[in-house]
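Just so it is clear, A, B, C, D and E label the chains in written order, and each chain counts residues from 1 on its own.
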Amino acid sequence: MTTRVKEILSWYGSDNPGVKANLARMMNTGRLAGTGKFVILPVDQGFEHGPARSFAPNPAGYDPRYHIELAIEAGCNAYAAPLGFLEAVAGDYAGDIPLILKLNNSDSLAKVGEPCSAVTGSVEDALRLGCAAIGYTIYPGSGERNAQFEALRELILEAKAVGLPTVVWAYPRGSGVSKDGETALDVVAYAAQMAAQLGAHIIKVKPPKDLVEQPEARKVYEKFAIPSATLTERIRHVVQSAFNGRRIVIFSGGEAKGTEEVLAEVRELAAGGAFGSIMGRNAFQRPKAEALQLLHAVMAIHAGTL
Amino acid sequence: MTTRVKEILSWYGSDNPGVKANLARMMNTGRLAGTGKFVILPVDQGFEHGPARSFAPNPAGYDPRYHIELAIEAGCNAYAAPLGFLEAVAGDYAGDIPLILKLNNSDSLAKVGEPCSAVTGSVEDALRLGCAAIGYTIYPGSGERNAQFEALRELILEAKAVGLPTVVWAYPRGSGVSKDGETALDVVAYAAQMAAQLGAHIIKVKPPKDLVEQPEARKVYEKFAIPSATLTERIRHVVQSAFNGRRIVIFSGGEAKGTEEVLAEVRELAAGGAFGSIMGRNAFQRPKAEALQLLHAVMAIHAGTL
Amino acid sequence: MTTRVKEILSWYGSDNPGVKANLARMMNTGRLAGTGKFVILPVDQGFEHGPARSFAPNPAGYDPRYHIELAIEAGCNAYAAPLGFLEAVAGDYAGDIPLILKLNNSDSLAKVGEPCSAVTGSVEDALRLGCAAIGYTIYPGSGERNAQFEALRELILEAKAVGLPTVVWAYPRGSGVSKDGETALDVVAYAAQMAAQLGAHIIKVKPPKDLVEQPEARKVYEKFAIPSATLTERIRHVVQSAFNGRRIVIFSGGEAKGTEEVLAEVRELAAGGAFGSIMGRNAFQRPKAEALQLLHAVMAIHAGTL
Amino acid sequence: MTTRVKEILSWYGSDNPGVKANLARMMNTGRLAGTGKFVILPVDQGFEHGPARSFAPNPAGYDPRYHIELAIEAGCNAYAAPLGFLEAVAGDYAGDIPLILKLNNSDSLAKVGEPCSAVTGSVEDALRLGCAAIGYTIYPGSGERNAQFEALRELILEAKAVGLPTVVWAYPRGSGVSKDGETALDVVAYAAQMAAQLGAHIIKVKPPKDLVEQPEARKVYEKFAIPSATLTERIRHVVQSAFNGRRIVIFSGGEAKGTEEVLAEVRELAAGGAFGSIMGRNAFQRPKAEALQLLHAVMAIHAGTL
Amino acid sequence: MTTRVKEILSWYGSDNPGVKANLARMMNTGRLAGTGKFVILPVDQGFEHGPARSFAPNPAGYDPRYHIELAIEAGCNAYAAPLGFLEAVAGDYAGDIPLILKLNNSDSLAKVGEPCSAVTGSVEDALRLGCAAIGYTIYPGSGERNAQFEALRELILEAKAVGLPTVVWAYPRGSGVSKDGETALDVVAYAAQMAAQLGAHIIKVKPPKDLVEQPEARKVYEKFAIPSATLTERIRHVVQSAFNGRRIVIFSGGEAKGTEEVLAEVRELAAGGAFGSIMGRNAFQRPKAEALQLLHAVMAIHAGTL
């Protein structure tokens, strides 16, 4: 094992060897093995946005085997999905790639008041399916946040006891934040901090915009002149906000966009000290060859070889 | 063990030896060991106010190791923080200082109706992390107070059974009190009484202002001419209100302020019979050398040597 | 054991010997031992009204030891208080007097819609603290009454299984009754009936006024000319309303008042067949010597010797 | 409460108030109330020896009411019996006298290898029946002793949690001791020590004979010239062996014998510092008047007034 | 915390912070605080050998307070005893010294086939009494060893989850070893290895004699010329056998003997790399002043200052 992986594991000093071993498993898998960097393929859009919106651009993606094979061929560190998608492949691809079972998911069919996902899987499922981690989404800013934090608390405790680390998707959303504010610098940094305080091992947030949402925070950002002009600077602040870089923070790419746009963003993530990317639609909505090319480029940037 | 520590332990005559031993552990740690006085470092602001507002003034504080080291070097009786901050250090600093796991926390991102914290940790976590106590915040005056009292009841019962005492942060807040009234003398005294009646072993309140909020109470304060002109007198009343001084009551300093201002206030706390200070932002937002100097001065005042 | 105590116990024929033994314990304690009459000291005002309103008139009462000592010296049948007050004394005064743990309590700080107490203790606590009974307050007339009745149902069931009887404070309050109607004869009688139907072993109500609140009830009271001119007559009706006198009904004195006023009222309670008095503020807000004198007079009246 | 009772309670400093209150209940009952001395009536011989052997000498004793009435009339501190005998009377005599539910019992019908009692009652029964303590017999010296110790461990833990103290009958018996050795001084002292180490609150042993059974022990008794010529001296040694007198040790009288013989023995028990007598057959096999006379004499001796 | 204590803690890398904190608590207590060395006072002889054999040489020891006071005054790292002895002192001495609850104990009254202790306490008791560790005795060589190993397995797992380390007394005994072989070098080393493999955090064995019991082992000891002529060499071999010194191994002194004899033995223990001594009879059977002198000398030798 590389020194870097050992160093990262040392930040999780209260965890049992099982949790550490599963973190190591992800860090020692794929093209980025040993670098301490992550590129994860997540495919929860079928549940979150519906099938056609998710898979029509590349109909191969209707098939659950498509995604795990894409993740394996690309050399991702892990593949994350809801229960059904993992059930469909975990047996046939057992041992091929670390799996992350997303334990809660939100749909876009029901009318939403304060956003709150449904818990759709369990730690028991994660063990049964041979997963390396559980995943959970929180919506800081939602009027329902407390229920989410409390459910997460129990799942983390349960998962830790059986050696599973937790990946937290921290997406500010709800009546406490404006639409723009969902990716404001202060809000994203705050979401990362909350996830870390709740006990997340890996934190997934969106790249923040050069914007400070909360008036109280704005005074501080101005007073201490926290650099935020470039995405690189903002990423650095978010990573700092997650225990000064002692928690793994990875960033999503959000909506599908052009290759160059994606890579330019990833370069800033890497420059800012991000631990990697979690890339869904930008990967699986492209034709496979193109997707592989893109993912390889993203990995190379994170590895510092591109 | 000193006579004073033995005397304080004698007030908890219904508790098992485990609870008493952990109270003793805190009272026998640090510069104030044996005096029956407390200076505790609490760092929950990352979750409560967000990372930049908490740590930008002294960026070393983004790192969870900074705070426990500050508490150890200063010779505090204990260090209190939410789950994530304790997870990040409990293994590497095992046995270095008594830890208090704050079991519920409130964020300032979501739009709040009646204030109510989320339960973000458990008694099981406290044992696993080697803590000497659990911490819990109640908001007397909140429309959601009953849910908080009821959750606390269960946690105290569970914690007592495994030998852990409970520190209750009693912060009046919500539709039942005016903004000013949150630190009114009658309201703070009432909050201390409620915490004591709920079974708290250590009660943390804010220093009260010379103001009586509730009309019914005002009649009584006037009729019996309860002295309230000086902070010293008001502290004495609050300590009296917590079982006539037979429960440990400590006071926070609130927002960051100047050193002289802090020390002047602490002198009045000590004169009024406070059992100590819980000092967060005023400590960790200063440069370390300055923070140590301040904390040592605070300890000296409580010890009666300054 | 006296014939009268045996007779009273015979009314609880469905209860196990443990419940009966604890009822007997209370009836065989203090100055009224063996008479089947009760004088109980309840001190929950610290939580319900705040410390200064409760204890400033007689500051000795800030100390939890004061009240249990007062109850013992006066020769009360039992002492009732919330968790914290009992925790503070149960160990040092173990076995000195039967204790009643008040399992729910209401504060007067929060803005209240429909009145509803918080559950602040458990049957497990009552056993651990060596109590002879649990206490619980219901607010008939509150929009939240059903939640209270349902929580009570579970607690009574649990308490009965471990041999603990239940004392129910039945205080009509909330949107269903006018302010005056809270002590109307029909309302108090109805509250006593509800408590009895819910399974209370001892029922505590306020002395009713000569007033009938509910129109439907008024017709009946008039048609059958239920006597209500004197307090004695009204007490007789309330006792009749609690299973024709086959449940123990005791009466509170309410706000502090003059000694003669108190004793005159108690004489009517006794004449009307009350099983006793539960006397808080009128006792503990007086200087101790005076309180003892008053309590002894109250006991003598209930015993028929004054 | 007397100073002596408070002093005895202080020896049980790790117990909750419930356990202390029940110990106090027994010490504050009957003719010996307040002295810290005990006379307990135990009637388990129906199960242990069969009905005729137990009750034919005084056929009134076939009726379960006889024994509890005898205990009440005599002014005993408590009455101890197996489940059935208590079920038969606990309802009708609720609150009349503290009850001790003997949780295990041995019969003399089955062929016994290594002696071992059957567990015939539970802590739940004890609560339901309103008991003040549980009772349990161990047979140190039996090849089955470990199973007995382990069952006792669980019952004590369970009983303590609900406020019930434990009375342990420690009767050496089985392949590890000779018939004579069952009441040898070293063996009885050892049995008392074992019961105390197992967590017994009250220990019941037989008066020892002037005999040392174990060769290894004999060397020590001789080397240190432990006085053993008189029963008084031997009792003193047994009491010393139960935590230097800081556990309550009471003595049985064994088989029925003449009044003078009984009283002479009790005089030596009292002189040696015994906390009292537990007297079964010598009491209930006599005609009632005679039994009352005997028990009163025994009480007077323990109280130091005869 | 000293570098040495940190180093020792680093050997327990799979344990949670609670277990580490309790190991640290013991290593940071008393005269040897910070050295990584241990002197523990164990007093289980009352149960194991009977009261007279244990306490007649120094009758002060009949009183449970004597031993914990001796341990505190001597500056021991911890005090170990069965349930009863700890119950008798844990409340009054709460927080004065780390306690080890011996969870199983063996008596010498019953006729023993294959040796096997009774489980006489629980992890729940250890928490309730505020203990820093649990203790458990195994008899490698006994025909009943497997039952002991299996019970230990469950207790260690339960204790670890709540942050309690385990001290294993490993005493070869039973039909598998000759009387002499119980302290043969190969047998003691084997017992230490088994305890370590079972998950013990601290291992307690007897100093081995220059003797190899098992024929198969003898061939190896001869072939590889394992040095065993001096006790120092044998201790080195035993420590090596407990994970090459990466588990804490401490040694008992066995039967009471002369001061010079004890100190000479301890010098060899220290020279051989022992982590300390656990000294019962040699301490508590001496007059207190002499015992303190001896314990201080033993500590000085382990600390390298004598």
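What to note about this one:
In the analysis below, a residue touches a chain if its C-beta (ideal position, glycine included) is under 8 Å from a C-beta of that chain, and two chains touch if they have at least 3 such contacts.
Just so we're clear, the structure is a prediction, and the values are computed from it rather than from any experiment.
Where chain C touches chain D, over half of the residue numbers in use are shared by the two copies, so each contributes mostly the same positions. Annotation: 58 Å between the Cα-based centres of chain A and chain C.
Centre-to-centre separation between chain B and chain E, using Cα means, comes to 40 Å. One finds 57 Å separating the Cα centroids of chain C and chain E.
Chain centres here are Cα means. That of chain B falls 36 Å from that of chain C.
Residues of chain A in contact with two or more other chains: 13-14.
Touching chain pairs in this entry, ordered by label, are A-B, A-E, B-C, B-D, B-E, C-D, D-E. Those residues of chain A that touch chain E in the shared complex are 13-14, 16-17, 161. The touching residues of chain C, counted against chain B in their complex, run 46-47, 49-53, 56-57, 59, 62-64, 82-92, 105, 107-111, 113, 116-122, 124-125, 128-129.
For chain A in complex with chain B, the touching residues are 11-15, 140-143, 145-146, 149-150, 153-154, 157, 172, 174-177, 186-187, 189-194, 196-200, 214, 216-217, 220-221, 223-224, 226, 237, 240-241, 243-244, 246-247. For chain B in complex with chain E, the residues that touch the partner chain are 1, 5, 9, 16-25, 27-28, 90-91, 94-96, 124, 127-131, 161-163.
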